[in-house]
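Let me begin by presenting the structure, written as structure tokens, before commenting on it.
So that you can tell them apart, the chains are marked A, B and C in the order they are listed, and the count of residues begins at 1 in each.
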Amino acid sequence: MIALRPRIERLVEAGLGASAGLSIAATALLVVTMALEVTRFFAEVTPAQVLFDTVWAPLFAAPRYGIWPLLLGTVVTTLLAVAVALPLGLLSAVFLAELASPRTRRWLKPTLEVLAGVPTIAYGFFALTIVTPALQRVLPDLPGLNTLSPGLVMGVMITPLFGSIAEDALVAVPNALREASLALGANRLRTLALVVLPAARPGLRAALALAASRAMGETMIVAIAAGPSATMTAYIAQVGLGDVPAETTAFRTLFVVGAVLFALTLTLNQLARRGR
Amino acid sequence: MSAAASSSRGERGLLAACVFAVAAPLLVLSVLVVGVVVQAAPHLDLEFLLSGPSRFADRAGIYPAALGSLALIALTAALAVPVGVGAAIYLQEYAGRGRWARLVETNIATLAGVPSVLYGLVGLEVFVRAVGLGRSLASGALTLAMLALPIVIIAAREALRAVPHELREAGLALGATRWQMVWQVVLPVAAPGILTGIILATSRALGEAAPLLVLGAVVFVSDPPTGWSSPFTALPLQVFQWASRPQEAFAQAAAAGIVVLMVTLLMLNAAAIVLRDRARRRGA
Amino acid sequence: MSRSAPLVLALAAALSACPTRQPKPLVQIDGSSTVYPIAEAVAEEYQRAHPGARVTVAVSGTGGGLNRLCAGEVDVATASRPIEASERKACAARGVDYVELPVAYDGLVVAVHPSNTWANSITVAELRALWAPEAQERVLRWSDIRTGWPDQRLSLFGPGVGSGTYDYFTQAVVGRTRSSRSDFAASEDDNALVSGVAGDPNALGFFGYVYFESNRARLKALAVDDGDARNGVGAVAPSRESIREGRYQPLARPLFIYVSRASAERPEVGALVDFWLIQGAALAAELGEVPLPEVVSVRVADRFARRVTGSAFARPGAQVGLSVEALAEALR
């Protein structure tokens, strides 16, 4: 009976280690799946066709595989989102880190976090049914499915993410720097602009990279409000909805686009980790 | 204008800008919520909760989607929680700082940042096609479990890390083996935090539609799933389907579905926050 | 000492173990977005009449549905065009026999935004010039289609490449299946096309008549002139009558379901298909599809009863311009 203990201990440790190993297996599955299909794709299609063609029409009789239109769509919506989230998130971070009283912080911070908890399908629906018509009143030429509306809504969605990490970056700036600046006669605004923000720059860059990565990978908002083939994620969702027969070049475009998306978000995430 | 006066003007301007920046997203959120609730109001009744989809918008209901979501996240949790908590325990209590441990940690951080739609691609290739599970509850749960796994691991790890070192040392000093110490000392203390992590991962899985779309959403499913291999639908999928239909009445149904989804998520997140507070107070 | 964690784990495990009741028989339908409204109506009414029956309907496109039928994954594939040679070969290779059953008649509507005042009709020649591969990046404005039309941006919408509607349109208009320009907003989901056209004053799109009928207030249909006096002089507007009478050419076509012969042996599948063939006409009419005339539906029911396999449309080009009478002949 007593001799059983060490055996149980080793079994438990092996089991737990296996669980940890499963997480590696998950990544392996991800990478292997994409690598496999991408390799098979490039057996049929040359990289030049993907890099140098300007039309994305993989499902047609005369297929064209230029990835730039999809990439451009993703970049446009991401930039729009960041353009919204950067000022709003930074100023909220400044407010929470530098200007708000502890009492305000206690209720404000969780309230802002609620924004991040709204399901993305709700944001997408909001973009399609409320934001797009409102924008159409200002820009009558705006088509019902466009990239402006989801871009702006995504900006609101990633604002709390950016704001939260930016706030961490600001809080991490040692108080000594602030006190020194104030002691030298600068007011709070100058301290903020000339001392705190520059000191927090690496953390702020990390926050930006992470927020951009999140916007890039967002699917539901663009799938509903931007239409198919507007961005990389919308394309993946659209083709997934239909059923292009597997084992075809057209099907493999899913994985090529997925691989590009993975590479881009991975790069951004790595940049973010470096800065924290 | 003296330097002091202009600088305090600048400060006031900054304050105003900050308040605007904080208020604007909250305002947008209020417009979203009010807009959705107003659109949903005529459709939101008991019948909506109890009936299935229909080609008649006014008869369309969310019952199979709600139960499908429930079954889906229950299965996802059953898959992701034991593996995730186990991995976190291993990393925190057993693994030390070696190369293997660091590899696993980097790996988990990578997984956590992968866009959810890519998990759908993997699920499609591996579970639906290669393993042959088809578009069933099992495929959906396995895919979402892959998505939830890094979230569970990271949250559980945080909870385990928060357990004071003294407790571990006391347990070991009293002669417990490592596993006895973990099971009887560390886990009970970390439990609320781990539970918070489980709830967060679950609420994330509940709201995710993108991977399920890529798996191949079946459009008309009027019954809740009955087993691993059943076709299924889920709340966000049903909402997406209704939102895609141009008739105004279906937009109302979609809004009603979103209200149900948001209320459920709100309750889950509130539970997580309560648990997190309890864990903090316990630790203090 | 909190024991909540093990409790939660146990609860999750219990919940996941719950659904092990005896699964009820399931009929799986997949295929065309055009046929989907009928399939959905049939599934709904069938379940209302037979509580306890389970039917699911997916929309993978005509191509996708037939693909899954030949892979043995679904029981019934819906299609907005007859099965093609490559698909027949795939089914034969897998040993899957199917019963081909027309279920309704449909028209392809060329739709524009209601505020479009300049276009009321369009000729097939203009449609061909508009949609042919050569039009890619060349026919970009309304004035490029017909002189006199305004010099405004043209916004095109059409079904995606998995769609039977797309296959049929390209065959009928351009002359070669799946041959068209590719710079248009493509979607497998006809609802998205309706939303797209209804949301853009410069839009032009094509999709099944069912989707036009249920969105009349938001769309305007163009009359189509095929230049063939036998079908009626001038442009013919799409309507149930013009489709049924065979005047709305070449954009009228039959809709099919393909039932896997092996699946048909299961009582639940046979019952559903019988229900469809009997009740389908009324449901189709309710939705705006043209139900098959009595003489044809009798032959179709007989075809299913005898489980006649194989396709009656083996010749290429046999599908375009198929009037109801020709359909009846083909089924004899």
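The working rule: contacts are C-beta pairs under 8 Å (C-beta built on N, C-alpha and C of every residue); 3 or more make two chains touch, one makes a residue touch a chain.
Bear in mind that the values here come from a model prediction, so they are computed numbers and not experimental data.
Across B-C and A-C, the chain pair carrying more C-beta contacts is B-C. Centroid distances from chain A, each centroid being the mean of CA atoms, peak for C. In terms of their C-alpha centroids, the spacing between chain A and chain B amounts to 16 Å.
In terms of their C-alpha centroids, the spacing between chain A and chain C amounts to 37 Å.
Counting partner chains per residue, chain B shows two or more touched chains at residues 82, 85, 216-217, 244.
For chain C, residues that reach two or more other chains under the stated contact definition are 59-60, 189, 192, 195, 198. Each of residues 241, 243 in chain A touches at least two other chains. If you check the complex, the residues on chain B that touch chain C are 54-55, 70-71, 74-75, 77-78, 81-82, 85, 134-135, 137, 187-192, 194-195, 198, 216-223, 225-228, 230-231, 244-247.
Those residues of chain B that touch chain A in the shared complex are 4, 7-8, 10-11, 14-15, 17-22, 24-26, 28-29, 31-32, 35-36, 39, 82-87, 89-91, 94-95, 103-104, 107-111, 113-122, 124-126, 129, 146, 149-150, 153, 177-179, 203, 206-207, 209-210, 213-217, 236, 239-240, 243-244, 251, 254-255, 258, 261-262, 265-266, 269, 273.
Those residues of chain A lying in contact with chain C across their complex are 55, 57, 59-62, 64, 143-145, 227-229, 238, 241-245, 250. Looking at the complex, you find that chain C touches chain B at residues 1-5, 8-9, 12-13, 15-16, 19-21, 23-24, 26, 28, 36-37, 39-41, 43-44, 47, 54-60, 73, 189, 191-192, 194-195, 198, 214-215, 218. For chain A in complex with chain B, the residues that touch the partner chain are 5, 8-9, 12-13, 15-24, 26-27, 29-30, 33-34, 37, 87-92, 94-95, 99, 108, 110-112, 114-115, 117-126, 128-130, 156, 159-160, 187-190, 192, 210, 213, 216-220, 223-224, 233, 236-237, 240-241, 243, 246, 254-255, 258, 261-262, 265-266, 269, 273.
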